[in-house]
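Across the two complexes that follow, subunit A remains constant while its partner is subunit B and subsequently subunit C.
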Partner chain A sequence: MAKRKTAKRAGKAGSAVRKSARAALSVATSARRTVKQRVAAMAEAPLAVVESDKDLQAMLGVLRNRDEPIKVRLAALQSLGAAAFSVIAFESCRGDYLATLRQVADDPDPELRQRVLGILMREKDGFAQKKLLDGLKNPAKALVPPAKALQLLSYDVHAEAYAAARAILAKPPNDDARREALRLLAADATAAPLFEKLLRDKKELREIRQIAASALHALNPEKLQQRAREIILDKSDYDDIKATSLMALATFGDDEALGKDKALLNSVSRFGAGKAPAKYKQGARRFLRKFGR
Partner chain B sequence: MDVELQINNTPNPKARFVSWVPSPCRIRVTNPLGAPAPIVNLKITGVSAAGGGAVVFRGGATGAFASSVTLPVPTNGTSVPFFVAGKFGQPSTNNGDVTIQARNGTTLVGSVPVMVRIRKNANTLTTGERNRFVAAFAQLNNQGLGRFADFRNMHVSVSLPQAHGAPGFLPWHRAYLLDLERELQAIDPSVALPYWRFDQPAPNIFTPDFFGASNALGTVQFAATNPLQFWKTDGVQGVNRRPLFNTATAPPGLRTEAQTIAIGTQFPAFRTMEGNPHGFAHTSFGGSIQDPATAPKDPLFFLLHCNVDRLWAKWQRQNGRFNPAVAASYDSNPNNRPGHNLPDTMWPWNGVTGGTRPPTAPGGAMAASPCVGAPGPQPRVQDCLDYQGAIGAPARMGFDYDDAKFI
Partner chain C sequence: MRPAATANAQSEPQFAALVDALTADPGRRGQLTDLLREDHPIYDQRGAATVVRMRGWVLLALARAGVSDAALIFVLEELDTGIDAYLVAAAARALRSYAHPDENLAPFVMRALTNIRYRDEPLCFEHYGDYAVSSTGTSPVRELLMTLAWLGPHARGVLPELEALRAERGGLARKYRIDIDRALHAIRGADQVDEPAAGSCCGPPTGLGNMVSRPSDSRGGVQSIAAAVFEDHGGDRIAFQEFFRGQPSIVVFFYTRCDNPLKCSLTVTKLARIQNLLDAQGLADRIHTAAISYDPAYDLPERLRVYGRDRGVVMNAHHRMLRAIDGMGALCAHFGLGVNFIESLVNRHRIEAYILDAEGRVAVSFERVHWDEGEVVGRAVEVLKEKVTFEMPP
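What follows is the complex of A and B.
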């Protein structure tokens, strides 16, 4: 257990608040109280957690204990997360906190596993990263579904994560996993041709084409501007992807060039006057107003 | 006869924004042709567009405000001062939706459009306000390549001790929000940072047209017309946010506004709100916003903190805690780390790196405002308390909340 000084230095002004926090923690960690009482008390406990090793350990004990009601354990996790925002006071107990999270990363409760792995991945924790990659390679070892694993790996993208995403993309177990694999690959500089192909494929889901547009803009902005223009000019393409393309041009395009592009402006004008949903047409009108039309 | 009206004491049209706090203004005759006397009595009023903002006036730095003020103005070009403020409860919805007019008798001799620019509840923004805000935010992010990257890099693991877990938590975030808001206003001056009032239901925020709707996995989905669909941070696309509550309701367990303001009348007690409601608002979600080092990856972070700042503002008003010289306004302690004492400059705006400060200082100095001078390019902790200039007018920072009055 890490040694730390109790941060009792706010004087009388904060003493009532601190007393109340310690009382709340006592309720929150007491098995004699009802689940409802304990969950409610967890909300007042963060202050006690950051100011006392004993209180921190009591809270970590609740989180670790598989015999505790899961609602109480989830509330303890939330309370610890709130306490973690008091960075300076929490600094010396961070090690114990992360060690406990690793211990419960394979908990039988899927919600707790998911939340804990999320926190660890946002800490760029190597243990969690390995668990997630192992699970993608061997579904029998998976702690979370593939889509969730890919989403969490995006907090610390690197070559091994890209390889896992490409493997999922080659044989996606479901649409969610395919979508998350693409989101992860949007950070991979070598994936621009893949996204260009997806954006141009009218048979693709709108959401996938939206991801492709966003990814392509990041990886090759000029190419996105070019493809977005083509989509707007293409009378046979869908209204929603036209709206996304128009938004890309309106927000990130070269206004000087766009203002001189009569073919584009005429197409946007037709789009704005056509049968597209009202908010798409409003977007078209806003775009045209920008160029005095 | 023609007159010039200067808002915020400058002819710069970019400074034609006011809040609840009195803005110093000037009027002078620029063309005396047709003036009946060496001094003319000019009546200054505000004309509001339908649904627009409203302004009030007074001739001096003190006294009651009225819907108009009549001033004797020399025709020789000498400026005459007056003050204008937004009429509390009637903020603008569009830039220039109030016109300040000067009349000599019934003859209009000068006018300027102004905006009563106020931070509002994000849940009740008009469609136009919402769309302008997300457009400006998306441009600031510009796929992770824009100025927003600096704001992201200001709030990472190595810099968290500058901003969290110590008395400077509230002043640092006030400066952080203001810096971001000014950058948004450089893109679209009609934008003010809205707040997410997390103790009330705010279903209009969590929609595909605004801050996105989360799917079961926690991937946020945006409408095809929402430019936030191109959001990117740390090289990674999109926003991960999984509400752990029904977004048609308020998150459970958070202190209400009344409970937060009642935490205590002294700052050392009040600043414990960093845990609840602040920390609990963050941990009401899974995803980036849940953890200190990744929270600003989600643009919702800034609406959450805008509400935290608003709560501080309302607590300050209720308890008269604007003056850094009053002990109860802050938590001064010899053990405070650098950056958390009233006279300390704050990182990263001070550019100081190494030692007790992070190794880099992203973003440079605080963005300047055409309307006000405070808090200056390198704000100190003490510069961020008197945001309305209640103690000293030059301290006003140029923002206000829709439900937090001036005096």
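What follows is the complex of A and C.
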């Protein structure tokens, strides 16, 4: 009896939530309401989208319509994204949703384009992948800046993006694009020598050297251990790079060998007692404690 | 010799034109099947999405020209293990052009429906490489339901599953009601076929060619691979002849970056089950097992170890996860692997398992559709019983 009452109450509550979601959707899709009202209503609309095909189409219509205020369209995209999170409930909407995303992938609004391409690339969508690669090869066709295109392509390790990343690296249009090209190549098993070279280059941007250290750990961890040791022994290298190297040794190194490496331990000792920022010195002390120093 | 296409320098439009020409020429249609081999040079250095477009176009060509017995395995493979909407839909459409529908095909279609239903998407089959920007066209779910309707009473074995799917809330989208009802109606329709024989529902059709057994005197040699060196999950190095000579071995291929859970992840999980079966029969020391990576530059020992461990694989001196130190060349040649690459990364591969005899020669191969662990072990035991004629290494 108690169970039946609970189920009844839950049913009523569910029905009330659905009603509220439908009311929100009606506000969200109404051109008579203010942008602020519509954007606020969009946040409550995802449930209505998966409950009714008519409501889904209304929401997709807002997203597609270039005459709608961009804030409302972006809110519609977010609402649809929230609905899509319920994979099973959203299954019947998926086809229309993906088709609409492809339609707006070349929208005049750059933020909408970028977000839509991001969603499609997380789905490993071949359409989006082709558009992004075309844009990298021919900047006149680019839907997003090269750095963003590379970042989105990196969502799919099987995208044919390594060649494009290397081309960007050879002639980077800006620092952002160069950085993203390197991040993408961090999954390219043949790129270890490139990252080794970047990590050793003291003239290189420190952020790039950090990326190189991380990539080298993924592609050739032994090589990173060697280079990290060299960096710590090098009195002229930068504190933050030394700290990264120390962390790599402490976390992934061979404790037995490290404990016997007097030159290394002395260098870490000097680093910990030197003028490096406190957080780096703390790392050095932790390292030394591990080996009884 | 590969007469249909010889260079990966062909552009996609050129490839599409080639496929269309082969389709139009009854004398050369057989070459379409050749274009479905993963190791065909035409797929070398193409991205995975490009390979999907190309293979999809070949499957659609088969749908127009008719699927031959030789091409059937490629179609069923896609239904069995495919997770790409375009390829699954194209395979479903192609199957409807096969001249001999029977009850063994239905489980493949039903399995594909179960696998793809949450990855459904609108598709456009009109022109090469088209992507749908409206949902008015076809989709993998629609194509699969049409194929079940085409099978009609031959699909009676999957009727309960399909009925359950229709009844289940959120089972299939409302827009497919008409398609699913049409399929159900066709399956329940006139009594055109005999009841399927018990136990015949789930295996591949006989004569499919997914399992090839080679008599001892027709097996190739091991000269090209004998000296190949592997590194195992623990970082130890071992030559092919050290590990694979002296006893039979069961070998599967995989790579840790494979994003199809129905391929590499399942293959390695099934290898663990094979090890359990061997252990239960007291054969764990007499038959070796190995999982070899297609991606040796990336699959370092630590990755191999974690991947195997997470799937229950036993790893020791007789059972190893391996990567080839000198690349894939010798392995591809020895096993005839169904794989292709863009740079060092796999762009497409089939599922494949092998039984090597005590000399390291390929005695049995299981390709494309999922193999049964018990059958693999049974075949390995047969190979174990073969008389060993070579001299054991010291």
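FYI, the second predicted complex is superposed on the first by the 280 of 293 C-alpha atoms of A that agree within 3 Å, B and C clash if a C-alpha of one lies under 4 Å from a C-alpha of the other, contacts with A are read in each partner's own complex, and residues count from 1 in each chain.
Please note the rule applied: contacts are C-beta pairs under 8 Å (C-beta built on N, C-alpha and C of every residue); 3 or more make two chains touch, one makes a residue touch a chain.
None of the values given here were measured: they were computed from a predicted structure.
Check the residue A:Ala89 against both partner chains and state whether it touches subunit B (first), subunit C (second), both, or neither.
A:Ala89 contacts both subunit B and subunit C.
A:Val157 contacts which: subunit B (first), subunit C (second), both, neither?
After superposition on chain A, A:Val157 lies in contact with both partners, subunit B and subunit C.
Looking at the overlay, does A:Arg113 come into contact with subunit B only (first), subunit C only (second), both, or neither?
After superposing on A, A:Arg113 lies clear of both subunit B and subunit C.
Which holds for A:Arg73: it touches subunit B only (first), subunit C only (second), both, or neither?
So A:Arg73 meets neither subunit B nor subunit C here.
Figure out whether A:Pro221 sits in contact with subunit B (first) or subunit C (second), or with both, or with neither.
Both partners, subunit B and subunit C.
So which one touches more of the residues on subunit A, subunit B or subunit C?
After superposing on chain A, more of subunit A is contacted by B.
May I ask you to decide whether A:Thr251 touches subunit B, subunit C, both, or neither, giving the answer as first, second, both or neither?
The answer is first: A:Thr251 touches subunit B but not subunit C.
Using the superposition on chain A as set up above, list the residues of subunit A that contact both subunit B and subunit C.
Residues common to the subunit A contacts of subunit C and of subunit B are 87-89, 91, 157, 187, 221, listed in rising order.
Once bound in the complex, which stretches of subunit A touch subunit C?
53, 87-89, 91-96, 98-99, 102-103, 124, 126-127, 129-130, 156-162, 187-190, 219, 221
What residues on subunit B touch subunit A, complex-wise?
Checking each residue of subunit B against subunit A gives 135, 138-139, 142-145, 160-161, 163-166, 209, 217-219, 221, 223-227, 229-230, 232, 235-238, 240, 244, 253-255, 263-264, 266-269, 272, 274-276, 278-280, 282-284, 286-288, 290-294, 328, 331, 333, 335, 337.
Within the complex, which stretch of subunit C touches subunit A?
46-50, 52-53, 86, 117-118, 120-122, 129, 131-135, 139, 170, 172-175, 257, 259, 295, 297-298, 300, 302, 342-347
Could you pull out which subunit A residues touch subunit B in their complex?
9-11, 13-14, 16-18, 21, 39-40, 42-44, 46-47, 50, 75, 78-79, 81-91, 114-115, 118-119, 122-123, 147-148, 151, 154-155, 157, 176, 179-180, 183-184, 186-187, 206-207, 210-211, 213-215, 217-218, 221, 240-241, 243-244, 247-248, 250-252, 279-280, 282-283
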